[in-house]
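Structures are listed in the sections that come next.
Two complexes follow with chain A in common, the first pairing it with chain B and the second with chain C.
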Partner chain A sequence: MVDIAFGPEPGHRPDPADNRATYLQMVRRKRMYGGILLVLFMALMASGFQLADARNAGGFWNGIGNVLAFPTEVVTEAWANRANIPALFWKFLPSLVETLNIAAVATLIGALAGAVLALLSTRGLARWPRLIGLFRRMMDAMRAIPEIVIALVLIFILGGGPVPAMIAIAFHTAGALGKLFSEVAENADRKPVEGLASVGASWGQRMWLGVIPQVAPNWIGYGLLRFEINIRASAILGFVGSGGIGHDLKLAMQWGQGRYDQVVAIFLLLFLTIVAVDQLSSHYRNRLVKGH
Partner chain B sequence: MLHVKDLTRIFGQKAAVDRISFSLDRPGFVGIIGRSGAGKSTFLRMMNRMTDASGGEILFQGRNVLALTGADKRGWQSQCAMIFQQFNLVPRMDVASNVLHGILNRRSTLATMFNLWSEADITRALDILDRLGISEQAPKRAEALSGGQQQRVAIARALMQDPKVILADEPIASLDPMNAQIVMDTLRRIHDEDGRLVIANLHTLDTARRYCDRVIGMRDGRIVFDGTPDQLTTGVARDIYGADASFSESATSTSIDALDRDYAQAMLA
Partner chain C sequence: MAMAETTLAPAILRRFQRRKAFSLAVPAAILAYLAYVFVAFDMAGIAQRARMDNAAILLSDFWSYKTHVTRNNRTGDLTVAIEGESKGTYPEGRLPDWVSRDGDITRIDLGAGHLVTYDGVGARYEVPGYGMIDIAPEGDRLRLTAPEPLPDWINASDTRISVTTDQGRFAYTRSKVETFRYQPGWELFFFTLDSPFSGKSPAELAALALWGDRLDPARSNLAYMAADVWTNAMWRHGDVVWAIFETVLMAFLGTMGAALVALPLAFLAAANFTPLRGVRFALRRLFDFVRGVDGLIWTIVLSRAFGPGPMTGALAILTTDTGSFGKMFSETLENIDARQVEGVQSTGANALQRARFGVIPQITPVLLSQVLYYLESNTRSATVIGAIVGGGIGLLLTQAIITQKDWEEVCYYMVLIVLMVTLMDTLSGWLRRRLIRGDGAGH
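Let's look at the complex of A and B:
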């Protein structure tokens, strides 16, 4: 079909015996297709940008010049007060610990719930095979609702503090990890499970002895990865009133209060924490997955 | 003690097991032979309730085991041990734990999670390993053992269940001749010493002849032979396997002394 549409005109077909000419012809044709696609892509991007800019309240071109204004102000002000930063590190450490605690507890609870959901929704392992679809949709829903929405609702009900944030993150984590866990469990070797089934072991026993030891390294790896993500989530939830370092950041960041040294201190603390957790978790994940 | 009546299993359009019936009045050593796809494994899996039957009955000591569900079904599975071709142990756990898995049915999930085995159970598991001659392997991970040793661990797990029936699904199909003989000798010894009913799917005729009291031949889901090992002549075997005159048992035999001289010379010539 493609050859009919774009191929050389009849009569000008290269001699099939001449491999060189045939190949060059093919290269030219592929190049032409590539060029057409590129032009199309550029045109779509440009027109899409025009549309988006037209719908923008301020206008992209008017605003772009000011994009560095705020960071510059923050950094110059913080630089002027740089002597305060070590003391501020110390001051914000308790809220950082709170943020980390929210993330850790949420990851733990979310991972446990995710593990159960994953086993219930894995074909061949599920306790109730007919309900696999139900548990999968449940996890989809848990993943689909953003943490911040759940947190806002819970803060409204329970009042501000770390507990609503923890529940919100755990809920989202259960859905997210459940899907990943289920994919790992799908590839688990079924022979031990079958062996345990043959002695009359219950579903819980089959999963605990036959599946969990096989999937544990991968599951813990995904759990550590999720912990990193949850630290960020936990910091962001501070903005909507659930305590931790995010709350301090929100207070410090209000324009023109002369507290930009605090902003820089908090950003540095968060950055260092995330780098540290990232390094630690990638180290342990490598050890778990590769076994050394 | 065991009556199988019109047992059927249909996968899609095809009957894997097609209305088979037979009876046993005392615990024997029964061999089931037949080519791949004849329905041997499906029959054993139905007996252990790993696969559901499409129709028929399996009466064991007067009770229809096909009608059991839930905890009753698992209770039956604990009395009806199964040994697999691929051993189906938990590879990352140690040998003694794998043997202890035989009594999971009597234990709660919570006790299992915290690995709380009583000292009496552990001693019994070690005694069984000792009986099978692999007690020195007890602390090793199951995956570190050779195939023959793993199969003996699987037999130990079966014995830990203290079952009335032992089903063996091609127990020696992935073992070398030496280990195959050890495993078959072990199964026969369990039958002789403990008087347990053993039903084994086998794929070599000489094994069936040497170890079994009764041989059942299956072809395309039906029983086409049921008799003593002496009645299992080469002609009968050809019928069971649907083979022509070129069929020679010794060509695929895994028994060491089955390599008869005539055949060896024919191959060498």
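Let's look at the complex of A and C:
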């Protein structure tokens, strides 16, 4: 034990009496480890870059010159047809609302499920303390399955439309928020819960009246943050699967030239929505955390 | 006191009432919203359109496989193939033990007394507890002889007769007769039928690997086995491992690249390091712009320039996360403790030394923790991005789903993705704990 506490083999062990030498040796060793780690990291990055470049259809150095070619083409054509864009905004507004609805419902359902899972898997609050581990593993699994997997499988069963994306995002959200909620609930004051228990409140009443009021601001904050993430997820799932503005974007992109005004209109709608929701949610989150 | 009570009481009561109304209004609003969405998403229609038969196929495919025993009625050729695929076809003379062939008579034992016979006249299916279903072609039509009345699991027309029982499925048309037998498991997972190791028990395989004679004089049996598993045509383990690796590579390159790009920019965007307001403002807006233009759009734009592949995915992650990291890093930099920097400055250190000894040690744990957290979440994103840019496990998964029949492969990929994400989660959590706790304790 002493050997471990004082460092390497006896011969190389610094003499604790000589403070300066000990300190310098420690610093040198730390720097050497840091240096080795840095070199390793750089080597990993460089070889990873080479490998990814080799397995890509078009190489990095060929592509880098063309990065602006496609945006320029799109913007030039859209600029020529800029008169259409306000009308296109109206045309795509329903799809945007659908995308937002998918994200909102998924966040809502996911947050409700996550809240129940969180309370069931928090030490000291759980309804069945023996099953805490089970509920935690359940949340881990729900977080680990990417949304696209569930969405594509559900499209096979339920057909296209917004519902598969909504269920997929809600499933993932329940796992992700459940974990965060549980961390918040762990720090909640237990006295109200004990007080309620002493007057014979049921588990549901203890949670609803004793825990939820304490954790609500933080939970809502996390929920809003998740809503931002889910809007992006909902747009992507629309592109890969079906439903919402992502699907319209895919159709416009597949058409290619001649519909770039639509592409730009969708880009702009999506961009403005994401920025607006980010701003709103960060404003409300600040208010929730500061309490006014 | 009395004065205060009389004026306070109504105010408090009013506040209570407001709160009560509020606590009722919130659930009511949520319910109203859900009701609106229920209509907007056409949930009632979904319930009708849902293909529960598809769900049944999917679930049974997840844990079982089917073997097709097909006879071409024109040529008389018999093929026995797993999932009806040519790469799963049993070679001549090595049929499974439940199929026997004698001249042009084929007997198929589906288990539990269910027997199917193909012969020169037609085909017969003996169902215990029901009787004999006899089918023979007659001119242009099929003649069916079976105990009347016909149960609903027999579907008969002039050109096609199909029978579905618990033991399997049977279909007769003029051109061919087919029997499907379902068995649990993922068949040919390790060795395909053309491999000399297929159909051997684990004990036989171990014996072959450890002390058996070399089947191929050029290499050891173990190497032979490994090569056969790696190049398995049915499950494509080699491709799958590469795909998983590509996905992790995309996440790694994207996240780390973004951190490397964002760090210097964050110094320029932090108020306590850059006195120039204009630069700060411009960079902040740039970060907002990059974050606001969603990862989806970056992915599309970049895949036009770089073509499909992992590099495109990595660059898409890199671009999106540069915005997030720039914002987070600059906020972290603004929240550092100025005293440590002043302490270093008091020894006469220049700006670079102040950053190296005053700032970096403070921010490293926070930054690393954020980067590792993103690495884990980007592994998941890389699956989706891979489906768009055409690289990694996301591509394999979408391809398998689009065929709508390789559900066992979909299940396999899902399991692998969950394992991959869990592994990255554990790894990043472990690293985070080590790096941060280790630094905090001072060693």
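Keep in mind that, in the parts below, the second predicted complex is superposed on the first by the 235 of 292 C-alpha atoms of A that agree within 3 Å, B and C clash if a C-alpha of one lies under 4 Å from a C-alpha of the other, contacts with A are read in each partner's own complex, and residues count from 1 in each chain.
Heads up, the rule we're going with is that contacts are C-beta pairs under 8 Å (C-beta built on N, C-alpha and C of every residue); 3 or more make two chains touch, one makes a residue touch a chain.
Since we're looking at a predicted model, the values are computed, not measured.
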| item | value |
| --- | --- |
| Chain A residues touched by each partner, larger count belonging to chain B or chain C | C |
| Partner chain in contact with A:Gly195 - chain B first, chain C second, else both or neither | first |
| Chain B versus chain C as contact partner of A:Glu98, first or second or both or neither | second |
| Which superposed partner A:Gly178 touches (first chain B, second chain C, both, neither) | neither |
| Chain B versus chain C as contact partner of A:Gly110, first or second or both or neither | neither |
| First, second, both or neither for A:Val163, with chain B first and chain C second | second |
| Partner chain in contact with A:Trp208 - chain B first, chain C second, else both or neither | first |
| Touch list for chain A against partner chain C, complex | 41, 44-45, 48-49, 51-53, 55-60, 63-64, 66-67, 69-71, 98, 101, 104-105, 108, 140-141, 143-149, 152-153, 156-159, 161-163, 166, 232, 235-237, 239-240, 246, 249, 253, 267, 270-271, 274-275, 278 |
| Residue numbers on chain B that touch chain A, as the complex places them | 48, 50, 73-78, 81-82, 84, 86-93, 101-105, 107, 109, 112-113, 154, 157, 161 |
| Interface residues, chain A side, partner chain B - complex | 189, 191-192, 194-202, 204-205, 208-210, 213-214 |
| Residues of chain C touching chain A in the complex | 30, 33-34, 37, 40-43, 46, 49-52, 54-55, 58, 246, 249-250, 252-253, 256-257, 288, 291-297, 300-302, 304-312, 314, 380, 383-384, 387-388, 390-391, 394, 397-398, 401, 404, 410, 414, 417-418, 421-422, 425 |
